[in-house]
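Both of the next two complexes hold chain A, though its partner changes from chain B to chain C.
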Partner chain A sequence: MFELVLQAVFSGVLVGSVYALVALGLAVAFGAMRIINLAHGELVLLAAYMAYVVEGRFGLNPWAAIPLALVVVVSLSWVIFKAVDRIREHRELNSLILTFAVGIVLTNAILLIFASDVRSTSSPTLQDAISIGDLFAMKGEIVAFCVSLVLMGALWWWLKKSWYGRAVRAVSSNREAAGLMGIDPARIETTAFLIAGALAAFAGVALYTMSVVQPAVGHTFTVKAFIVTVLAGVGSIPGVFLGALLLGVTEALTVTLASSALQELAGMVLFLLVLFFLPNGLFGARARRG
Partner chain B sequence: MVRRILVSAALGLALGAVGATAGHAQSATKIVIGAHMPLTGSLARSGHAFDEGMRVALEACNAAQPRHRFEVEEIDDESTPAKAVSAVEKLAASGAAAIIGGYGSNIVGPASDASDKLGKTYVTAGAVSDELTARGLKTFFRINNNAGYQRGIAGLITDLKPTAVSIVASTKEAPTLLAEGLEKELSAKGIKVTVHKFDPAITDFKPIVNKIKVQDKPDIIMMSAYENDYVGIVRAAKVLKPDVKLIVGAWSLATPKMSQEFPDLMTNVVGTSFLPFPVEVKSPEGLRFAESYKAMYGKEIEYLSSLAFVETMVLCEAMVRSADAGTLDKGGLPAEMRKTDRPSILGRIQFDATGDNPNFALSMGQHRDGKIVLVSPKGAATGPLVYPGLPW
Partner chain C sequence: MSAKPASFRPTMPETIAGVALLLVAVAPIVFDVGNYALGLLVSSLVLAGLGLSWALLGNLGGMVSFGHAAFFGVGAYASALVSARLGLPVVVAVPLGGLVASLSAITMLPTLRLSGPYFALAILAYAQIFRILATEAASITGGAGGLQRYPSLPTILGLDLSSRTGSYLLVLSVVAVFAGVYVAIRRSHVGIALRAIAESEVATRVVGVDSLRLKAWMLLLSAFMAGVFGALNAHVIGFLEPDYAFGGSWSMMPIIAAVFGGYRTVLGPICGAVAIYLFDQLVAKSLIPVGHEILLGVVLAVMVLIAPNGIAGFVGGLLDRPKGGRPHVAT
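Presenting the complex of A and B:
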């Protein structure tokens, strides 16, 4: 049993790291603009298809798709931002409708262009098994985990140390006050949306290398990202990472100790428990009080 | 897409020319068939394959007889039951003489109920739940069923005489039904069976496969699931390398597409099939289907497209008989459907009192170096099974 639990925790951590990558983009955009981008999962999906194009058409390693994915997804993210930014009334609610519609359009565009087939990497290198003691993983999962860690660290550093990062946090705390301090909120919000797009690009390529993608799975990514964001609490980058790992490990342990049919339910129960007992999230309460 | 349009246009022109030459083009009566398919949403992959098979069959129906001109009016049900019901109502209102159904028992169920209330004959090849034929609908017909899949898989597994089998099953209706049926049948034969049901949303199968490896220790892993799940399960198995001898699956696994997309994962994996690959069709109808399919879509025939082809052919032929007898608009189509008794690339097609095809049975095909070899039952085999045989 110990062997099973250990492998489950290991698998959960690896999957959780990618959940974190997906959630981070949603959290950054939400933190800056108080807007939930319901098309975020579709942006992740689009990046995954860029990886498919680069691997399938040009025979390159899927990670070589990062420049293409960045250009495509960040550009689209900017377009979504511009559309959201034009909303003058009830921005929170209307942006939900707008981004939901964008998600549907993107899903169907992907369906038209790439057909409905299941896609995933065929790279033997990424699919190869790697063992760390008695623990097993795909090489692709280890690479995705490392990429997630690096990006998480970079983003945390950027938000803490750079002027732009501090400006994002200032706008997130109080848009008007930040404006009075000489920060241009519109510019900062644009930056946050572009960063969210870049994170979605990395997340999509990571998902393609370790999982399977289909046109219909975009909203699943959005839901996962939303759960992680709520678990973490707004404004906490380490919180997003730990919340995502917690979700991944909870799901994997549910499969091992109970039933695989309950995996998704376990994630939702965790989500509801946190909402009920810690409405500010696992790591957001202290910051909110401060 | 451009190729498809050009080929369709060319076929249409050719057929039109033949019809005009024969002097029948003007006199042919138009019959509209309604169809709802999941062209978008989670089942879009299956919907498109069905759509392709149906369209090839319609071309064949129109070419086969000059008296009636079949046209299809198709609505995307977006993989949802509510949209499927509304599609059936809309199709019936716009004059469809019969409905070709979609994919998934949970969608086909309410859609065929609606069709029955409207008095329209409903045919499907995408819903295998036993509950569908237990409703007693007089207008419901299907060419495949859970029993056929179960027979094929249980036959192979029983022949291999394993001591233990682990079944990894999606909690969707059809995979669950198949898993439960196999568990019952194999357990009755003294085989230890463990079922691991999983939520369709999961993508990491390592915890399940690790349980199979450490606790179950089976000879065979059986997957009752769909394409995306197969990839995840086999990939997890390739990482954890449980001490099994064979990996078996159900529908949409032993297909050329899976072989082309995931060559490293599919080697030696076995799934339900009725044709080897490269395709070796012997019947004239099968050959015509393969040629037309390749001309229209530029690829070899697909598993789901073949099902759609057969259901559409059967429906068209019954409609022709009914129209010729003058009963098509007088509720005579179900009776003509029940008279169906014909060979097909799926085997003999007949309908019992519940509208089910009692003859439906499948072979088992094994992926081997980009080919699919039929390995079971012995009568249909095109080669021996590689056993033990694994993708690693």
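Presenting the complex of A and C:
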């Protein structure tokens, strides 16, 4: 029993690291533009299907799909940004509806092109089991975990140290003032959306290598990302990382101790509990109340 | 309560529109369009009611809901279960379904403290919970296998409501009643306060309006309406399963219907629902059998970008436009 729990925690941490990538993409775009991209999960899903194409059509390792996924998803993210940027009236509300519509279009486009079957990697290299002590993992999971850690570190460095990163944070905290300091907010917002797209591309390929995808799951990724941001509170990458691990571990434990049908429910319950009792998230200090 | 008593007297154009709409509404019965067409119209009116409840929350409450399927499904299951298990008459069960949907919305109230986009995401997450619960609580709901032995609509005053004509008239009347309630609220001092909240929530709070409570009431009312239409739909079709009753399309369709028709008006969501539903069933489905929602998504995206106030706003803008001037743009 104890081994099972330990194994569940371990698997949860591995998958949670990828949830962190999805959540960071959502958060970066939101931070710069105060706009939640409801199609973010579908962008992740699209990247996963790019990996499926590269593996299925060309027989390559799914990770070889990264350039393709980056090009497709980042340009799509840019298109979404351009569309959202056109909205003038009731920006917050209409941008939600617009990105929701983009999500519907993407989900059904994926359904039309790739059919509704469940897809996952068939690469023996990635599916190979390796053991660390008593714990087991697929090689794909370990690779995804390492990629997530590296990307998160890079993003943290970029936001904290680089000029661009500082500009993103400046625009995020006060758009007008940042503009007066010689930062072009529009350019920063574009950058943030491109970064969000890049994170979605990596997250999608990672999810394809360690899990299964089908057209309907796009918006569950968005929901998971949102739960993570609620858990984390706003504004800290380590917070998002811990929140994502917590979600991954909770889901894995639910599957091990109860049933896989309750997996989604566990995340929701966690989310509601935090919302009721810790409205600023587990790690966040900044108020999110309206 | 020093506010001016609400006036319910409709203006002239509204009277004309109302009479015209009534004539259009009874036309399918008078000209006997047949059972298939009437069935389509009943479904489109269910969607119209759901769209109206969504628009009420969006327009009066200033909240976008991506989870109305939760209220719709809860209403459907509650009504079907109390009429089947407790033997309550359907006439009682349907409003009870609405009440239970309202109750389910109470657990959502903490999310009202969240600012706009966070509320939208919270309700998106929330809608999932009920589908899973309905699937897992198989001993009560019949689980994934579904629920089919529950009473259909009764016969009242000689009119068999379970017939196509009866269902049509019933759903139509309920839509009309809720539209009336919507208009009454919008014109009351509550409606004025809600409009003020939409302009500036902080300023409204400062003058002593409990904005959170008003928004909460709008959420509960919207959930009630959605639940009632879920219940009506359940008794019309006579079969429920979690993936259907809580299906994402019950969250998606009212948004498209309301935005297409114009969610800041009362008639917009109703007419939008009929148009969108018929387009989906008769055009989109025959063009693309699987994945036909892609066309609806395109319609929604185009509407938000080109005419965010819907067909109603577009037409209204054309009428209001002063000669040679620019159309009035709300800020």
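Heads up, the rule we're going with is that the second predicted complex is superposed on the first by the 277 of 290 C-alpha atoms of A that agree within 3 Å, B and C clash if a C-alpha of one lies under 4 Å from a C-alpha of the other, contacts with A are read in each partner's own complex, and residues count from 1 in each chain.
Just so it is clear, a contact is a pair of C-beta atoms (placed from the backbone, for glycine too) under 8 Å apart; a residue touches a chain by one contact, two chains touch by 3 or more.
Since this is a predicted model, take the numbers as computed values, not measurements.
K.L.:
Answer with clash or fit: chain B and chain C placed together on chain A by superposition.
P.N.:
By the criteria stated at the top, chain C and chain B clash after superposition.
K.L.:
With both complexes superposed on chain A, which partner does A:264 reach: first (chain B), second (chain C), both or neither?
P.N.:
Both: A:264 reaches chain B and chain C.
K.L.:
Just to be sure I read the superposition right, which of the two partners does A:119 touch: chain B = first, chain C = second, or both, or neither?
P.N.:
The first partner, chain B, only.
K.L.:
Using the touch definition from the top, say if A:11 reaches chain B (first), chain C (second), both or neither.
P.N.:
In the superposed model, A:11 contacts chain B only, not chain C.
K.L.:
Going by the contact rule set out at the top, does A:108 touch chain B (first), chain C (second), both, or neither?
P.N.:
Both partners.
K.L.:
Using the superposition on chain A described above, determine whether A:90 touches chain B (first), chain C (second), both, or neither.
P.N.:
second
K.L.:
Between chain B (first) and chain C (second), which does A:30 come into contact with in this model arrangement: first, second, both, or neither?
P.N.:
So A:30 only meets chain C here.
K.L.:
What is the contact status of A:227 with respect to chain B (first) and chain C (second): first, second, both, or neither?
P.N.:
second
K.L.:
Once chain A of both complexes is superposed, is A:275 in touch with chain B (first), chain C (second), both, or neither?
P.N.:
second
K.L.:
Determine, for the stretches 20-28, 236-244, 254-262 or 308-316 of chain C, which one clashes with chain B when the structures are superposed.
P.N.:
236-244
K.L.:
For chain A, which residues lie in the overlap of the chain B contacts and the chain C contacts?
P.N.:
Overlap of chain B and chain C footprints on chain A: residues 107-108, 111, 116, 220, 261-262, 264-265.
K.L.:
Name, in rising order, each residue of chain A that touches chain B in their complex.
P.N.:
Chain A residues touching chain B: 3-4, 7-8, 11-12, 14-15, 107-108, 111, 115-120, 122, 124, 127, 129, 136-138, 211-212, 214-216, 220, 251-253, 255-256, 259-265.
K.L.:
If you look only at chain C, which of its residues touch chain A in the complex?
P.N.:
Touch residues, chain C against chain A: 58, 62, 64, 66, 107, 110-111, 113-122, 124-126, 128-129, 132-133, 135-136, 201, 248, 252, 255, 259, 288, 290-294, 296-298, 300-301, 304-305, 308-309, 329-330.
K.L.:
Help me check something: in the complex, which residues belonging to chain B touch chain A?
P.N.:
Chain B residues touching chain A: 40-42, 44-45, 47-48, 79, 171, 196-199, 201-204, 206-208, 210-211, 214-215, 227-228, 231-232, 235, 238-241, 257, 261-265.
K.L.:
Which chain A residues qualify as touching chain C in the complex?
P.N.:
Those residues of chain A that touch chain C are 30, 34-36, 38, 83, 86-90, 92-94, 96-98, 100-105, 107-109, 111-112, 116, 219-220, 222-223, 226-227, 230, 261-262, 264-265, 268, 271-272, 275-276, 279, 288-290.
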